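Got some structures for you, see below.
After this come two complexes, each holding chain A, first together with chain B and then together with chain C.
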Partner chain A sequence: MPEHAALPPAMARHAAPVAPGSQCVELRRLNHAVARSIRTLSGLGVLFVLAPFVFHGEFQITFLTLALYVTLLGVAWNMLGGFAGQYSFGHAIFFGVGAYAAAIVQVQGGLNAWFGWVAGMCLGGLAGAAVGAVSFRYGLRGSYFALVTLAIAEVCRIIANSISITGAGVGMMIPLQPGLAHLQFAGKLGYYYWILAMVTVALALSSWVRHSRFGAALAAVRDNEESARALGIDATALKVMASALSGALMASAGVFYLQYFHYIDPTLVFGPAVSVQALLAAIVGGLGSVLGPLIGAIALAVLNEIGAHLFGGIPEFSMVLYGILLILIVRFMPHGLARGVAPLVRRLRGASGRREDTAGA
Partner chain B sequence: MSAALWPALLNGLTMGAIYALIALGLTLIYGVLHIINFAHGSLLMLAMYGVLLLFERTGTDPYLALIVMVPAMFVLGYGLQRFIIGPARHGRDENTILATLGISIVIENLAAWYFKSDTHQIATAYGDTMVDLAGALIALPRLLALAGAMVSCALLALFIRHSDTGRAIRAVAREPEGARAVGIDVAHVFAVSFGIGLACLGAAACFLLPAFYVSPMVGHSFVLLAFTVVVLGGMGSFTGSLVGGLLIGIVESLGGLLLGESLGQIGVFIVFVGVLLFRPTGLFGHHA
Partner chain C sequence: MPDPDHSRVAPATGDGPAPILELVGLSRRFGGLAALDQLSLAVMPGSLGALIGPNGAGKTTCFAAVSGFLALDEGQVRFLGQDITGWPAHRICRAGLVRTFQIVQPFAGQSVLENIAVGAQLRRPSRREALAWAAEIGSRLGLQRYFGVAAQTLPIAARKRLELARALAADPRLLLLDEVLAGLNPAEIDEVIPLIHAIRASGVTVLMIEHVMRAVMRLAEQVWVLANGSLIAHGAPAEVTRDHRVIEAYLGPGAAARLADGQP
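This part shows the complex of A and B:
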């Protein structure tokens, strides 16, 4: 598994004493990986910052914005599902908590949207920690964890549908007041750069987790929890932390949804569609890789457009295509598209690397 | 209050019997394949539409439709496991649950598109007949559903216990490698088990339809309840499904009586999450 190639040595570092020389090599290799991912991320960032100057049509901006929004969902899911190996089928919990917290702060509290964003992320993170703590404390894994998250999302939906502070079944609408001070934008471009900023931070966080000791320990827990515990890793605490990070990211996507569409209701934010989108972007792209969710989200967005053209705007058909894609990916490409693309990139990189070598010699 | 208690209890019992039948399919699949079939709810919905279409197009009585629906669902289940879910496993349970999730997404959205979100109900001559049971009036179809679900559960238990196929299923559930060694075709038994699991849904659909409406979302309301039943009763335990189903039916019915229709559903989920956290082996399960 080339994606995790950096992990076993990283684990070995704090498992057994190694010769100082080899430790140095390991560290250099790790730093190299970090540097490479920083280069890749900033390169991609520049591309996306410049993209609206090339693709400036309303349709294209909307397409890119929604693709980035799904990327954020996928990055959030990947944090827990990919790095920690805990598959949640109810990630809408955190999305909805974030969206409702931000809406309640603005509508019931009369406070500023920025405050709502912060409140949403904090509560989303707390919800992530809480769901993680109760589930992992009792050793729920695999199908059981998927089930319990699915059930909690449904409980959230029913509660939001029944109590008055969330506007019950009517949903909530935030007042229209365009301007950066209210986190609303008159044009589509403002939303594009906002979601781009969030995705960049989320990907940087992902990249850090992937290459840090924290990420290495998480991967050890994911691949073999018993032996990770035997090495003295506190598996429960790590998984709870991953869940909290994942929840906070998911909540920020919820806040974005609220500010973009100005309206939420229990089924929109706590329903299965959001959970499925988050899971799909991560799995289609490639679990446990940093850029996987981005690749997955773009693939989903393209599929969505193809579906819209073929079936003329029947909304159910894009979900049907998503379902078929999920089955096909699991059947034929269980490691996701990123793993399908990565060897290609590596070969190109390898070719250019060799050229540099010969130039140096 | 106490006057409403007996009818609520009876109602809960009839619903519980149906939950038990649905959960029986789920628990069989779990017991043998060690996977949770996330498509269970949407497949139940599909079966219910099957019964509905048979009734509307050919005038087949829902109870007569058993002869068609049970084998049809068996064949569907066999095919799904053999050609889609099984090959997607790649030795990891996570892949299987993702495959069943994918199947449920496809079925649900195709149904939402084809049948729209309207609810349908069929009108039979006996649909409105009420039976007086010690002071509680209960619709005849519900009473028949209770009886039908009980008989189906008993038949399935007999089949698993005494037939050769049943023995093979139990062997594979306990020790797939050993079963392979004595010449049992494991992939075939897996598919048969999945098929029987869905056949339970076919039967449940026939018993449900005279008394309940159908909509593309109907699976949702049953599937989490069925999961709850399976978890409560203990994954893979037949007795557990039966007792769990009846219990959940009663909890739901009493919850609705005490807290109102909408919040009443939460009672079931509280039981669900509570059992998952504090006793994941369930009431009758042996291992997590």
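This part shows the complex of A and C:
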């Protein structure tokens, strides 16, 4: 077999005319994506760490804490729905598995809450892998996958409602033991920093997934599964992995919910409200973007407050506002707020960034 | 003198290299229709061959079966001496047998460079190396100016090249090209032909499905002609196109005789 490491002149001759340097821009953009993402995340991290020094009212801390909690739901959902393109309508499955596992470990097992957290995450990840394996192995996609997850969540709710280890319909209450050793905090600030830490890790994980080979393969599966398989990607295995990661993150949010409110019952954790919050944050913010869920969650939290102030008398009125927001986003900003806002951010940063981009190319 | 034990002589002991791809009695039915009917052929390493035949002859079905996208009813696919029958598509690709699709299937929302990088990362350990290799392959195929462009906005000629680039970036040993020239105008075809020559010259075995006969005549060293799922002729392009069975498969029964008589 002839060795032609250097390409035959035929190819060079037929290469399209190129504007000088332009071919490097995209390569540089992709190569620096991780660094850029880390810079943005660290900047945001610092802002959020300092935020309580400015917004120190109880109301403001609670607002930020719940916004970050919804961010975590959105990041978890985005892992499977955004990066792998598999829309679940039943992410409460993993949320509930995490919350119940942590509660059972503490209440029935008499163990420390930290074990509960670890057990919840592991079981949530396993549940994610199991739901993924069952669905993707048999080629379920699109609305079929959405319906199957919805059904599994409902089955989980019914089971938790009927068996004794979960406390059935009565629900479970964890003993009140404030202190870091028990993952409970006397003040709101402790919960704020705990959820901030979890969101930071989740966003870093998202950023890694988005810019890694794993993420590129996932995106390929999302955009065209046949082509991805033809290029050596084991689509089923990757989707199962994404589902496991997503499940573990979702379970983590479930554990937070348990520790924050001290009480869970089947409808609270396996009901559709959690699934809807998770997918709304991701879709409103921007599917498949790293910061989308954060932006989406803040938007939802603001909307929630507006709803509570204007229509406080009507329970669950925020759900109506959520619905309206979703319709508006899908109609006018199908790529979500993150993509809608990005051009503004770029304009604010000014021309300096652009000059830097072309100078080195 | 008939050889009673022919099967033992055929494998690679001694004269000549072993085939890189060997199809033995492939059959696949869709309901009552035999899409593939006892198809056997052998592709030699380093060769550039073409699979031709009228529409519905089973060419694309053959590619789908070989690359793991379609299960066979009967038959065996051997690649590099290994039985790959029934392997999943991704595993066949990792073994070095890479296909392209007749209807190009880019990762629509991603940039051209990201598209190529998906192929490139198969054998590159890091993202950075995959991107560098993707840029290299993309430049070889003349796609540089499109690197940052979303794949779905490309004109058809560039999409065809992208399909080629992605497959090539996965470092195939054998490349199955399903009508990479379809939909291109003559000038664009003339630009792609040297690219395919160059791919073969770089050591990649190429088997293509092609309808553009001008290109088949210029590219292929040998041609397999399929009709109704089975092989009806095999040989150099010039020989094959004179074959009566081939003419009749394309033009209908009796066409060869009428042509010979000079009647339309």
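What we mean here is this: the second predicted complex is superposed on the first by the 319 of 361 C-alpha atoms of A that agree within 3 Å, B and C clash if a C-alpha of one lies under 4 Å from a C-alpha of the other, contacts with A are read in each partner's own complex, and residues count from 1 in each chain.
Here, contacts are C-beta pairs under 8 Å (C-beta built on N, C-alpha and C of every residue); 3 or more make two chains touch, one makes a residue touch a chain.
Here the structure is a predicted model, which means the values were calculated and not measured.
Novice: For A:316, decide between first (touching chain B), second (touching chain C), both and neither.
Specialist: first
Novice: Between chain B (first) and chain C (second), which, if any, makes contact with A:54: first, second, both or neither?
Specialist: A:54 sits against neither chain B nor chain C.
Novice: Could you say whether A:31 touches chain B, chain C, both of them, or neither, answering first, second, both or neither?
Specialist: second
Novice: Now for A:176: first (chain B), second (chain C), both, or neither, which partner does it touch?
Specialist: A:176: touches no partner chain.
Novice: Kindly classify A:226 by the partners it touches after superposition: chain B alone (first), chain C alone (second), both, or neither?
Specialist: Touch partner of A:226: chain C, not chain B.
Novice: So which bits of chain A does chain B touch that chain C touches too?
Specialist: Dual-contact residues (chain A): none.
Novice: Chain A touches which residues of chain B in the complex?
Specialist: Touching chain A: residues 35-36, 38, 84, 87-88, 90, 92-95, 97-99, 101-106, 108-110, 112-113, 224, 227-228, 231, 262-263, 265-266, 269-270, 272-273, 276-278, 280, 288 of chain B.
Novice: Of all residues in chain C, which touch chain A in the complex?
Specialist: Per the touch definition, chain C meets chain A at residues 45-46, 67-69, 88-91, 93-94, 98-101, 105-114, 117-119, 121-122, 126-128, 130-132, 135, 138-148, 166-167, 170, 191, 194-195, 197-198, 201-203.
Novice: Within their complex, state which residues of chain A touch chain C.
Specialist: Residues 1-5, 7-8, 10-11, 13-19, 22-23, 25-27, 29-31, 211-213, 216-217, 219-220, 223-224, 226-235.
Novice: Using the touch definition from the top, list the residues of chain A that touch chain B in their complex.
Specialist: 87, 89, 134-135, 138-140, 142-144, 146-148, 150-152, 154-155, 158-159, 161-162, 276, 279, 283, 314, 316-317, 319-320, 322-327, 330-331, 334
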